[in-house]
Amino acid sequence: MLSNIITSEYIQRALTEDLGPSAQDISADLCVPADMHANLKLNSRASGVIAGLGFVTRTFEMVDMTCQVQLLAQDGDIIEPGQCLATVQGPARSLLMAERTALNFITHLSGIATLTAQHVKAVQGTQAKIMDTRKTLPGLRAAQKYAVTCGGGVNHRFGLYDAVMIKDNHIALAGGIQSALDRVCSKAGHTIKIEVEVDTLDQLDEVLAHGGADIVLLDNMDIPTLGEAVSRAKGKIVTEASGGVTLKTVRAIAETGVDYISVGALTHSAPYFDIGLDDA
Amino acid sequence: MLSNIITSEYIQRALTEDLGPSAQDISADLCVPADMHANLKLNSRASGVIAGLGFVTRTFEMVDMTCQVQLLAQDGDIIEPGQCLATVQGPARSLLMAERTALNFITHLSGIATLTAQHVKAVQGTQAKIMDTRKTLPGLRAAQKYAVTCGGGVNHRFGLYDAVMIKDNHIALAGGIQSALDRVCSKAGHTIKIEVEVDTLDQLDEVLAHGGADIVLLDNMDIPTLGEAVSRAKGKIVTEASGGVTLKTVRAIAETGVDYISVGALTHSAPYFDIGLDDA
Amino acid sequence: MLSNIITSEYIQRALTEDLGPSAQDISADLCVPADMHANLKLNSRASGVIAGLGFVTRTFEMVDMTCQVQLLAQDGDIIEPGQCLATVQGPARSLLMAERTALNFITHLSGIATLTAQHVKAVQGTQAKIMDTRKTLPGLRAAQKYAVTCGGGVNHRFGLYDAVMIKDNHIALAGGIQSALDRVCSKAGHTIKIEVEVDTLDQLDEVLAHGGADIVLLDNMDIPTLGEAVSRAKGKIVTEASGGVTLKTVRAIAETGVDYISVGALTHSAPYFDIGLDDA
Amino acid sequence: MLSNIITSEYIQRALTEDLGPSAQDISADLCVPADMHANLKLNSRASGVIAGLGFVTRTFEMVDMTCQVQLLAQDGDIIEPGQCLATVQGPARSLLMAERTALNFITHLSGIATLTAQHVKAVQGTQAKIMDTRKTLPGLRAAQKYAVTCGGGVNHRFGLYDAVMIKDNHIALAGGIQSALDRVCSKAGHTIKIEVEVDTLDQLDEVLAHGGADIVLLDNMDIPTLGEAVSRAKGKIVTEASGGVTLKTVRAIAETGVDYISVGALTHSAPYFDIGLDDA
Amino acid sequence: MLSNIITSEYIQRALTEDLGPSAQDISADLCVPADMHANLKLNSRASGVIAGLGFVTRTFEMVDMTCQVQLLAQDGDIIEPGQCLATVQGPARSLLMAERTALNFITHLSGIATLTAQHVKAVQGTQAKIMDTRKTLPGLRAAQKYAVTCGGGVNHRFGLYDAVMIKDNHIALAGGIQSALDRVCSKAGHTIKIEVEVDTLDQLDEVLAHGGADIVLLDNMDIPTLGEAVSRAKGKIVTEASGGVTLKTVRAIAETGVDYISVGALTHSAPYFDIGLDDA
Amino acid sequence: MLSNIITSEYIQRALTEDLGPSAQDISADLCVPADMHANLKLNSRASGVIAGLGFVTRTFEMVDMTCQVQLLAQDGDIIEPGQCLATVQGPARSLLMAERTALNFITHLSGIATLTAQHVKAVQGTQAKIMDTRKTLPGLRAAQKYAVTCGGGVNHRFGLYDAVMIKDNHIALAGGIQSALDRVCSKAGHTIKIEVEVDTLDQLDEVLAHGGADIVLLDNMDIPTLGEAVSRAKGKIVTEASGGVTLKTVRAIAETGVDYISVGALTHSAPYFDIGLDDA
């Protein structure tokens, strides 16, 4: 579950951009009497996996503490079109003010959870786990990575601060894989995992020979090369595949026996999941 | 052009989530000597419309004032795979620290600009203009709406504060279209435009009869109904179509003669546009 | 009604400047035992229109959730000297800590509401509506504009973002009224209203001839010229007068038949409205 | 001089409310070509004392670092109608974006400085000094109090944190003047001054008898009573008068020999001072 | 008591650095079932004076409103090893998430209170009061100064804004003590106390001769010189000693008759006070 | 090196608490002419390891961009009493305003670096590395952990987000070590290291038998038990010792062959390191 500490901050920012410096919903204020109440239903209009219900509850509460949201599903549930996910009641103006912000969260996050679940299903029966990347939309990382877990995925590192990833640029600047790993291993704290990105089998052999890395990222390899890489690495280092992963290619990648497959599209290109708020 | 006031705030937030409370890139700090410099090229790997170059420049500057970014393209340009969009030079650690954040902005915004341009091209020759909606990703609205204009689109209202939109829920709560319009017209300031959403021709007639609205939103109508609606409205009120708009359907919608077509997918479902930072 | 989202932010800032980095009321802490309770009455000491009672309630709550405020009036009410507007009870130290901040809001906003109501009354019987401007005190705009509506006024645009206003400088830079209007009309979104400021009847004729503007601001015209302008514009464009508007001149301006009169003094020069918190 | 630390924060807030979440000046963006430059003059349209020129410079810089402001006067100067206070040049769109915010600061602060100077002049030849109060407009206190000093006034305490003020409510809650002073004197730090508000000569005598207070505030006394109070207090305690102070009454109050006269109107009711930005 | 306004801000910052951008306690989330509850006891493991219990309560509430903290002691109490200071119950994950942050506050602040109390005890029977300084840890001043009062100390000025302190650098820049005092006395508001730092008896005589200062800071004097200084100052000005104050030297300093002794170590070098959260 | 992104935020907060809402140094403003310049030297008054020079530079720059700081040492240097660490020049008022804030950073951080270096030296010749903990002072963690590295120490995890630490409470709640490790290992991402705290050799055997943990924390063991634990663990898991570590005990702990020793006192109880700013 995402902590309220973080959902509140996300929602505050989203409300601020929808309400402007005047914090006004001029349509509702002009159109709807101040004392009207309303009942709305949050209905799914697609099938997939839901994520972000906590944002719905918190958005209505932040706009107006007297709004009441009753959830009828929970994050990670598989849902069908027409299914009611929650009921919302409260002052009509408050409901109208909060509606779009709440929907923008849940439709985006459920889109990510659903796309993740499709990848997870595609590799079912293999040992591969589906992961996200740092290719997230600016300012939304924690929420997007949470949605990946709702869809059955696993989180890669959250940022530049919680794991070492030695990529092609690092290797070039450090003067080669061995030199890069030497530098890192001699100085890293004992709580930090070290991952190295390689493009070729030769590079993989260098990583294996060094012994200091925890994970090897096999980047953009064709299936036969990837298969060979995985068998060389088996038992010696955790393997991760990345590059060109789609719902069409993911199964073949998984069948090489690789441990993890990281998919940028989960967070940078997930289409939204249609959900609406209807009159109850 | 987006003001630095807003790009700085977006980038600060994105850097914060990538750097964590320690503001550290542990990979670069451990791997790369402190005094190394590097030169990188920002290369397109797809064809489309670029948006967000200002975010690239500002991200490198915010991480390190000594980084230098030279832009070789400008927002709104049509670009091809392999085209170099900018060169970046500076301390290697700073470039590595800023890289992913800069890319996350430009790949997302160029994805939106490109999707918008595809819609604009699809309606070429008609009078219809392509618009965005408030279905934006939380915390990214101003940047996303800016990207829509780079792709040749037009911005709808930015939030609940800058135009009146009377939707189905407002109409129900106010007791009908006429009552809703009466309430709004008697109280709205003279700088506020008034738009009403209608689902049927009968509702359209009610709006036209009232005379107080500036724009009518023709929501989810099939093409013949939409065509009839547009011809009834012509010369009396500005028309906008919405609902189920895709690259496949948008041309037929535009050919009804409607003035504006609003497309939620521009901002809620644009796939990213592949751009990378390569060794120069 | 102003949303709690905005009142909380205003009050937080005001409390911060009254309490300093130590968040201390040293007088109350040293002088008053920690366990004392008190009852206070919010009493008017003048006659006019009240605005900002929500700030009073929220200020006491933010200082101490156990304070209880019972409102005996509502924003927009006409009040008399000696009238009790609210009772407040709670821990004595908390009441003392919140007192001045609460009063600073309500005395300023009621001053604006009262000055607005005086202008509204002065034009009674004409069709002119009284408006505010962007000449607001820095950081207080949303609250000040809310107070204007409590006094019976209408809000002009809130900022640079919610309507186009073409002023003398814009016209000069764009190369004339026609050129400015051409530029704006070809690019503005359909939800944006366009207003043009003119100083002379010739300029007015240019605006009318162009046809693209929604509103004309007749700036600093003497009464006969203004009257002529209004009659030329009647039925073609909404008219607004500004410049040198005082309680003495506003009636004559209104009697020209102009639709709106904007008055900077409402927000930049309203004297405060005397209200005090007395022992109950 | 106000530190840039504080002016930047004030201006950021003011720009945010003028620019909205999109940080856009839609009028300038649509109307004025991106590459135009302009020269403006900041001209006084009234006579009085100027305050807040630093806000003007900083506002233009914050909107666009390439704007150049040359000041031709300094805070505290007496200025005349038509006098040019500064020249401003830079990109035309940037100047238009910053203009109103810069003016809102300087017109308000110069209004305060001018009103203060009028009070200072009214008491010339007496020993009385003119002071402000905590009756400031929310969020503007430091700027307003700075403006008071530009007009020749002296600052009272800034908030609840930098001096003890024992008022009627404190006295009642503490069980009388002596008890209140005993409590405060036994616990206050040695850097804190102690002021007591009294309404009557008997209360004054109690304060004098106790000996622990540094200042006595003689509140709302008529001139003969005030005169008597001042002569009783002379040489024993610093005296301050407050209540009902206007430009008409302030001279008589000063002539009682009181040390300080505090005037709420300086900050809660100062009319603005007319200054404009004209084409150079 | 510290206001919730300030404790909330401190705790928010501390939680942010412990939880990171993802606001996650990955240990608790992975390890502990979501529906488990727990009971913990806050136990002292040392003897001294407790300070900061309000931070404990507020930290658990901010992490999770359903946590319940029952305090069994209050700030300023003398406590013994093994003494239970509070019980905490709530969802196990929430308790684990908040634990370290709560402890980091109370162990640091109780360390300060205890060190202060040791100094206070060391001067018992003299008239000297123990004070803090501005040598506080960045970002913690208000909490640290509050802890000093819990230990029986008195607060010196909070910052550069609430009292004048003329130090060696000021004197040099102003051209001597007399010139510095002349400048300050002619311009300072009546609520501001003036303190001058002196190193020698000659400087002290200058301060006494001038008569404008309220307090003299006798800096780094040996005991005989300090004793002479105190006797020269007695009855004319408040005296404060500083420099090289330790638990070993403070008694001798106090016995000179000085009024106040300021001790930087209270806030810059207090060791922590051991307190733990144990299974109840 | 700490990024400017984080030092700026720390310094902003520290300046805010020293300058208050008015951002004023009243002593300097009243005492020192506005146009005076000054030269200061940052001199060490103790011997040890310096840390935080970047804070000094940035503090003076943030107060006034025209201040110039020239560093004569760098973080991690061993310094002696009387050694000049930097020269500072600029407007005298600005230097006085920034002085205490700059000193509060560098004296605290150098205190931590020095205490760390003392521990590092005490274990010289063994393989043990000295580490910090999460027992940091609220709001100062990143700076404190940076200072530990300046003193030759290694950073443990930064917070709850970047490594799993299974402590006694987790074990109890999860139903034992095996159950806790099973839960964590089945769900943790591949970039996360897993550490388990044990108090006894039996618990250690359980951890070794499971095989899922990366590190074992041997808490509060006496030296013989610790030695036995280390020999059982050697070659199978990384070992860390904690509990009761002081400069007196740390050598014996290190000689058991343990890999890491974590010391809470480095960050919660480091005395300050005396540094002053003197007239140049």
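Labels A, B, C, D, E and F are assigned to the chains in the order they are written; within every chain, residues are numbered from 1.
Note that a contact is a pair of C-beta atoms (placed from the backbone, for glycine too) under 8 Å apart; a residue touches a chain by one contact, two chains touch by 3 or more.
Not measured: the values here are computed from a predicted model.
Any chain bridging chain B and chain C, meaning touching each of them, is among A, D, E, F; the list is complete.
With B-F and C-D as the two chain pairs, more C-beta contacts join C-D.
Looking for a copy of the A-E interface in C-E, B-C or E-F, one arrives at C-E, which has over half of the same contact pairs by residue number. Residues touching across the chain C and chain E pair largely diverge in numbering: under half of the numbers involved belong to both copies. Centre-to-centre separation of chain B and chain E, using mean CA positions: 51 Å.
Chain F has its Cα centroid 44 Å from the Cα centroid of chain D. Annotation for chain D: residues 16-24, 97, 141-142, 158-159, 161-163, 192 touch two or more other chains.
Contacts between chains leave no pair untouched here, as each chain touches all the others. Listing the residues of chain E that touch chain B in their complex gives 16-18, 20-21. Residue ranges of chain A in contact with chain F, taken from their complex: 131, 154-158, 161-163, 189-193, 195, 214-215, 238, 240, 259-260. Remark: chain D residues 10-11, 13-14, 17-28, 30-33, 36, 38, 40, 92, 96-97, 99-101, 103-105, 107-108, 111, 134-143, 158-170, 172-174, 180, 183-184, 187-188, 192, 264-265, 268-269, 271-272, 279 touch chain C in the complex. Interface residues of chain C, counted against chain E in their complex, comprise 15-16, 19-24, 29, 34, 62-64, 97.
Taken in their complex, chain E has these residues touching chain C: 1-6, 141-142, 145-146, 158-159, 161-162.
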